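Heads up, there are several structures right after this.
Okay, so chain A shows up in both of these, paired with chain B first and chain C after.
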Partner chain A sequence: MAHQAHAYHMVDPSPWPLTGAVAALLLTSGTAIWMHFNSLVLMTLGLVLLLLTMYQWWRDIIREGTFQGHHTPPVQKGLRYGMILFITSEVFFFLGFFWAFYHSSLAPTPELGGCWPPTGITTLDPFEVPLLNTAVLLASGVTVTWAHHSIMEGQRKQAIQSLTLTILLGFYFTFLQAMEYFEAPFTIADGVYGSTFFVATGFHGLHVIIGSTFLAVCLLRQVQFHFTSEHHFGFEAAAWYWHFVDVVWLFLYISIYWWGS
Partner chain B sequence: MSSATLAARRVLAAAASHAAEEGGARTWKILTFVLAFPGVGVCMANAYMKMQHHSHHQPEFVPYSHLRIRTKKFPWGDGNHSLFHNPHANALPDGFESSEH
Partner chain C sequence: MAARLLLRSGFRAAAACRAARVPVPTRSMAAGGIPTDEEQATGLEKIIMKAMKDGTDPYNMLKPKSFAGSKADPHLVPSITNKRIVGCVCEEDNTAVVWFWLHEGEAQRCPSCGSHYKLVAHELPH
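The block that comes next holds the complex of A and B.
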């Protein structure tokens, strides 16, 4: 029987990178087709393929790490670098939208009335629901830290409780934000104010949903005894991502909701 | 902020960072129920009370050309309504659809 003489993980051949790439192609071209030729087929196909790819690829990673022991310390270090680099790339993604917001709001054009907020725009009161949303996300940062310490101390029940609370707070944020979207006196089509507001907060909301899903997967795994007090990188990655989502919200709140009102 | 609040804050921060090394879960559990949840509760009450104070008056419609842009139709419905359209709060390019209050 052959054994490897090193601590690294030589991954078995896998079809998921290919299906993921095909899904990306179908999603992008499909969205363009939907916008111009009124057909949802390609985009829907891409979405289904993307979901299947994510489910099966990450399921395989859990099998390789948790059940087959391939995630040795050096491998875990690589995964940490990977998650850090990914979150960094997301920071730059949001930086672009903040650039767009400040570009438009620091020097408002005559078409807008030469002022910010533009003429005719009724902004949301930053001290109503947006402030509540801030408290909700900050609270979820506390609960996810409680969850991490619980896992490290082997406190199974507390870990499950705190992780559940974190996810519920995430859902509450999403619910509140959806209500705000419906009640807002302005839409995405209301000039550059609407565009910057809904694109920036919209992508943030999408990341809250992604983060909540990541945490929910961690909850399922915690219930099924996947995590040990020493080795629970999947949870740490989810917690890092969740803190990132929280920080982006703080910048959104200060810039768009408060300063921009 | 009073000096008492500032002092309390300093003590809490010191306690949190110290206790985090030993039995950190208990510290964060306490922070959850003593700080985080009451904070959310206060903000919930505040938001609710402020919402009660709102006038339900629909703002006067002015057909500004820099708002309600329709360069391209939305790819759903009649192409004239945004995704989260609210007939009471959002006017269409030619005015409000519903004229309640």
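The block that comes next holds the complex of A and C.
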């Protein structure tokens, strides 16, 4: 162990920030190339590099924290700040799309018929699948809290059961939303209604998939005894992210599905 | 869930009263299946956990002790060598910090406010 008189973690040199930056470059330029010159090579390369970077970087963090004991109280505090700041930045990301939606829907232009929903748009009934989706996500919020308490109380079996249930509910939401997308009477090309609807709900769906993946990683770690009843920040971060995804859906449901119909 | 927990603790209490004195598993791997930090913490996290239980602070996580800074009660400055840089914020909210080297031996005074500082030998925790 290095000689230090402080409790912080001086991380060993790592190649993953560089590979991550290269992946970001390949993804962005690759997407532009795909759109203009019909070649998927660069973008695919970027995607593969991104996935490899994420896997190896987070694997290293797990090694440093769980197996090497570098995540002392001040280090954990820093990780908490980091996750909160990240989620805050995501809140602002979604705020932008809600701004776009309200900008277009509060003062609908003559081109739309001066009304919202615009003329010719058949909206989805908010009390059908969207309401079920709301119930599914709210239930998953309950099960993830159940999982947290199970971990804190040292109950392995319950922790695994409730975490699995949370992930299944997440998958169910994604499945239902995919069905809705397939069956919807309007597309993303249908004026500003289509744009705001699919971009906002689309990014939300992506975040549900990310959150489910995060929780799935936590499930694997829980099965392998990584978490202790006092120290399980990876799980807490996943739970925070999941609650954030749930809250965004509630705003989407109220604004776009219900008020906007 | 709360009701389930209540029921379970009720059953446990009843069983404990009725049954002979059976030793309760204190280690959580034996009890519920999730380890505790006591059982599984490792590395620096474990060292700090043990030190906090003993009441020591080898890695300076807590706020340092407050001294008057007078001749009788000088600021004690720990150092792993025979000198250390001190930055004195003479009055609260001062933006100009007074920096100086503090050497081992007699207490030195801040050139600006005159507070006393004394170097104290300190072992590196590891």
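Everything below uses one rule, namely that the second predicted complex is superposed on the first by the 259 of 261 C-alpha atoms of A that agree within 3 Å, B and C clash if a C-alpha of one lies under 4 Å from a C-alpha of the other, contacts with A are read in each partner's own complex, and residues count from 1 in each chain.
We take it that a residue touches a chain if its C-beta (ideal position, glycine included) is under 8 Å from a C-beta of that chain, and two chains touch if they have at least 3 such contacts.
Note that the coordinates shown come from a computational prediction; the quantities given were computed from them, not determined experimentally.
Novice: So, does A:Gly120 touch the first partner chain B, the second partner chain C, both, or neither?
Specialist: The answer is first: A:Gly120 touches chain B but not chain C.
Novice: Considering only touches as defined above, state whether A:Gln155 meets chain B (first), chain C (second), both or neither.
Specialist: Touch status of A:Gln155: both partners.
Novice: A:Tyr181 contacts which: chain B (first), chain C (second), both, neither?
Specialist: first
Novice: A:Ala107 in the overlay: touching chain B, chain C, both, or neither? Say first, second, both or neither.
Specialist: Neither partner.
Novice: Please work out whether A:Phe67 is in contact with chain B alone, chain C alone, both, or neither, and reply first, second, both or neither.
Specialist: In the superposition, A:Phe67 contacts chain C only.
Novice: What's your read, chain B or chain C touching more residues of chain A?
Specialist: Between chain B and chain C, B touches the greater number of residues in chain A.
Novice: With both complexes overlaid on chain A, does A:Val136 touch chain B (first), chain C (second), both or neither?
Specialist: A:Val136: touches chain B, not chain C.
Novice: Name the contact category of A:Trp146: first (chain B only), second (chain C only), both, or neither.
Specialist: Both partners, chain B and chain C.
Novice: I'd like to know which partner A:Glu128 touches here: chain B for first, chain C for second, both or neither.
Specialist: Touch partner of A:Glu128: chain B, not chain C.
Novice: Return the residues of chain A at which the contacts from chain B and from chain C coincide.
Specialist: Residues 146, 149, 153, 155 of chain A touch both chain B and chain C.
Novice: For the complex, give me every residue of chain C touching chain A.
Specialist: Those in contact with chain A are residues 1, 28, 31-37, 39-46, 48, 58-61, 80, 122, 124-126.
Novice: Residues of chain A touching chain C in their complex?
Specialist: 1, 3-7, 9, 67-74, 146, 149, 151, 153-157, 159, 225, 227-231
Novice: Show me the residue ranges of chain B that touch chain A in the complex, using the header's touch definition.
Specialist: Chain B reaches chain A through residues 20, 23-25, 27-29, 31-32, 35-37, 39-40, 42-44, 46-47, 50-51, 59, 62, 64-70, 72, 75, 82-86, 89-90.
Novice: Chain B touches which residues of chain A in the complex?
Specialist: For chain A paired with chain B, touching residues are 34-35, 38, 111-113, 118-122, 125, 127-129, 131-132, 134-136, 138-139, 142-143, 145-146, 149-150, 152-153, 155, 158, 162, 165, 169, 181-191, 194.
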